[in-house]
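Here come two complexes built around subunit A, the first alongside subunit B, the second alongside subunit C.
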Partner chain A sequence: MIALRSPTFRRSAIVILVAAVLLLFVPLIASNFVVHVLVASFYYVILAASWNLLAGYTGQFSLAHHAFAAVGAYTSGLLGYHWGVSVWIGIPAGALLAGAMGYGLGRLVLRMRTIYLAIATWAFAETVHVYLTADYTFTRGELGLSVKSLYGTLNPTPYYFTFLGLTVIVLLGLRALIDSPLGYFMRAIKDDELRAKSLGIDTTMVKVRVFSISSAIAGLAGAVYGHYIVTLTPQMLDFSEMAKIVVMVVIGGFGTFIGPVVGAAPVNVALTYLASYGEWNLAVFAAVVIVLMRFSMEGIAGLLAPLWRRLWTRNA
Partner chain B sequence: MFSTELVIQTAISGVMIGVLYALMALGITFIYSIMRMVNWAMGEFYMIGSYLQYMLVAWALGPDLWWLAVLISTAGVFVLGLVVQWGLIKPIFKKPPELRDDYATVVTLALLLFLRSVATGLAGPNQFTPGSNLPMVMIGPMPMAGARVAAFLFALAALGIFWAVLRYTWHGLALRAASQSRVGVQTAGIDVLSVDRIAFGIGVALAGLAGALLAPVFLVYPTNGLITTVKGFEIVVIGGLGSIPGALIAGVLLGLMESFGAAFVDSAYQNIYGFILVIAILVLRPTGLFGERGREA
Partner chain C sequence: MAAALEAIALNKRFNSLQASNNVSLEVEQGEIRGLIGPNGAGKTTLVNLVTGVYKADSGEVKLAGESLRGCDMHEIARRGLVRSFQVTRLFGSLTVAENLRTAFLARRPKDGTDGEARIAQMLDLTKLRPLADTQAKKLSGGQRALLQMGCGFMVPGSCYVLDEPFSGINPVIKDAIIDMILEVNKLYGATFLIVSHEMTIVRRLCPKVTVMMEGKVAAHGSLDEVARLPEVIAGYLGKALE
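Then we have the complex of A and B:
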């Protein structure tokens, strides 16, 4: 594992672990509602970071990331609801099925022009949405599928630690992946796919792998989150969920490692506390994204970059 | 259950709705073939077209002048398309080439979210219908809703005009040339950015037209463009990205598949049949029925 010895990995790992240790103390001082908002924020950090792996680093836009999260959640939920399967089998099954669907879809469309993935995933997400709503005898449709909670309690604190741990593991895994040879191939494909291909990279295989990994992570996050919110509805597949992920990544910094982390949490907190303004706050965030894309495309990560460099040059 | 009349009626309604879906697909594929980008906010232009139609019919013109309302709504969406292209899409060419795809995708997705949220904020989640006092039309022994027949005929006329403009006018020639080579068109002294503006305007106007025509058939609400847009994208994959005859034929094919699926299998899954067709096409003929193998530049 060359990736684990690279300085970028070590530096990111140190910062992630320090932040995680500090975050361990939050439930001591915060109210249950704040802890709940933070659990949801961790969920979005995982979704945003894994989507960024695909879109920001590889240049492949999936518009079904929310759908893969829902596939994970519904797989685990339905296994438990109809056959009483344990949560601890349901969650890995959900992640595996999401990854397998990503693999199948990727094999079909990723050898073609970039835009096909976005179109096919959009159609896929809407199809899953329609199916989950229509087949209500099996999925309970809009009535909502009630699933077992992970720890048999609705107190958010244990889920907070679970999601904190999961976020740390996912982020470290993504960092290792980005610093690995596969990560270099990913960036080569994003910059110039034809050139990458001419240098002997099997670009289709790299894209299929990254797409499957990113979908499986979404499925995993969705499955665990499903056992926290305990009622699943097709609302999870509303396109505004996908749009939220895009907004988070772009505000944080598209194609940067830290971007989704610093983008997802504040956006989710803001959306929660401004919920009484309903649709208007989504409109404001959309406008912010348009302005950001128009003028800098760097987001919060662009502001943090000089601080990050200074932090490590002083130490070195 | 399998009477001839039912089969014929299903076929007719499939073709009729298929042509309207084809309008949507044509808009997507037309913008793509000239600007090499996908406009993800197509459904929102459809939605705006349907709201304009509703407002004109309900508040200003009355249901008898629905055809005038359709023309005004389409023109309104065309103008909006010009503004959006000028403000948001044109700056794409100030970005480095490797970031253009990212920019186009993210900006049109954000535009989608923006327009949809603003529509919900202004009009609420209510559903409206502009109504229609067109009488039932008898096609042979089968009755058909007047609004659907009118929408079908209107769409056919629009497609005819679209084809004639592309085929016989100077602007049509410029548009076709730009779809073959953006560089070549510039060497011939044509301002490719103004060609882009017209292409984007026409593309979204086709979506607006579909929205205005379908307003009395499907309802008017903030996310009403979603299902039609998904179908538009499915048609584009089936027919082949960038192919105009492909969009038409695939549109009718999808309409037929849907109406037969709804009539003979299960109408609850009506919106899923198209995706099955998409997967089948991707497995058997990945470039679509009429698509050429990807030429990148």
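Then we have the complex of A and C:
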């Protein structure tokens, strides 16, 4: 196992675990509202990190990631609503269906690149959006689908610990994946697909597999989050949700491991507190992206990189 | 014994241009064959047909007697046919060591080795060790050529098709690449088909050459034999070789 022995995995694991231990104490001192904002932040960290795997590392600039989160949420929600299926079966079912649909979409857009891939995946997301809105007898459309809560309470604290644990597992899993042979092949494909093929890399297999994995992770996060917010609406598929994920990753550092983590949480917190300014939110973030890109194309991660290197050189 | 690499009546047309016109070629096991000819003669098209970048309109390619029909590019590479590109292609955002590691992992031998020893060996052989942690996009042209070659040799292939491996690089690096080719040829009995315009190197490396002109094979033989042919002098060399 190259991945688990690599220094990058060990270093990332140490930082993730230390941060997680510190975050365990937050609910002791923070208000319910702050805890709620942090639950949503963890959800976006998972979405941003899994989208970054596909777009940042493999170069597949998909605009359907929010749709896979919705597929996960609605699968689990609908199973419970119509057939009384347990949440604990619904959540894995949501992740699996999202993974399977990711596989299908990945196959469909295999030969597409850049703007064509973005448009095709966006069209897929809009199709899901339209379906969830239109088939209201089944999905309850804009009326909203009531979903059972995971722990029978709306107090955010247990969900905070659940999402903290899930975020740690997903981040460690993604780090191991990035350091594995598949991770090398992903980055190779992003740089030069023809070269990757000429070396013997089955680029079709790699791209479809990454599509599937990242979609399943989004589906898992969406399913769990759905059982926290307890009412699902097609708003989960608004394009602004996808734009939010993109902005989080770009501000944090596109194609860097730490980028989605340092991008998603602050952006979500800022968006929550700027919510009273309505659509001006996105204008503020557009300005932040432009200014940040002027100084560091790799976002906040690019600015943190020298610090990260110094930390480990001193300890080496 | 079957030829290491065999092209049988390959045809490829791009709109009105017949880039490959009934091209047949046999390279014996362990042979280092030169492929020469003027620009636009169809050499790179042949390389692309043999390695699966293009699908031939008709004809067939065989590697050690086995047909490569229907094989994807990566399958051809995994069967041991390794190529280099005329314009050096590397993974620019990966470091030198990561490029070598990726090349190793792509055709990882089944003996379970993790390739780290081989990476260290290749860094020494290419003299790129001081640049091991440098991104490939920051290398000079010669260093890029060396690294591309090093990647190809990470897991020994049975047959190499090298498209102008010596163009635009300094004599020291040319010598390093020649040494690598000779070593892999000697150690593993690997076969080479080398496209080049560098006649001195072709003479040094290749006992036999194939000349292509206007999409067709114009001649086979030793360099001195083909260099005497009037059509080769007129269409390619310009004057007799010294």
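Note that in this section the second predicted complex is superposed on the first by the 302 of 316 C-alpha atoms of A that agree within 3 Å, B and C clash if a C-alpha of one lies under 4 Å from a C-alpha of the other, contacts with A are read in each partner's own complex, and residues count from 1 in each chain.
Heads up, the rule we're going with is that a residue touches a chain if its C-beta (ideal position, glycine included) is under 8 Å from a C-beta of that chain, and two chains touch if they have at least 3 such contacts.
Everything quoted here is computed from the prediction, not taken from an experiment.
Once the two complexes are overlaid on the shared chain, A:I290 sits against subunit B while remaining clear of subunit C. In the superposition on chain A, contact of A:T203 is made with subunit C only, not with subunit B. After overlaying the two complexes on the shared chain, residue contacts for A:L194 are found with subunit B and with subunit C alike.
When the two structures are aligned on the shared chain, A:F185 is found in touch with subunit C, with no touch to subunit B. Comparing subunit C and subunit B on the residues of subunit A they touch gives the larger count to B. Judged by the touch definition given at the top, the superposed model places A:F161 against neither subunit B nor subunit C. In the three-chain superposition model, subunit A touches both subunit B and subunit C at residues 190-192, 194, 255. Every residue of subunit A that touches subunit C in the complex is listed here, in rising order: 2, 181, 184-185, 187-188, 190-192, 194-204, 255.
Contact residues on subunit B toward subunit A in their complex (touch as defined above): 32, 38, 40, 88, 91, 95, 98-99, 101-103, 105-107, 109-114, 116-118, 120-121, 223, 226-227, 230, 233-234, 236-237, 241, 268-269, 271-272, 274-275, 278-279, 282-283, 286-287, 294, 296.
Those residues of subunit C that touch subunit A in the complex are listed here as 51, 53, 72-74, 77-78, 82-83, 85, 89-94, 98, 101-103, 105-108, 114, 151. Remark: subunit A residues 55, 59, 61, 63, 108-109, 111-116, 118-120, 122-124, 126-127, 130-131, 134-135, 190-192, 194, 239-240, 243, 246-247, 250, 254-255, 278-280, 282-283, 285-287, 289-290, 293-294, 297 touch subunit B in the complex.
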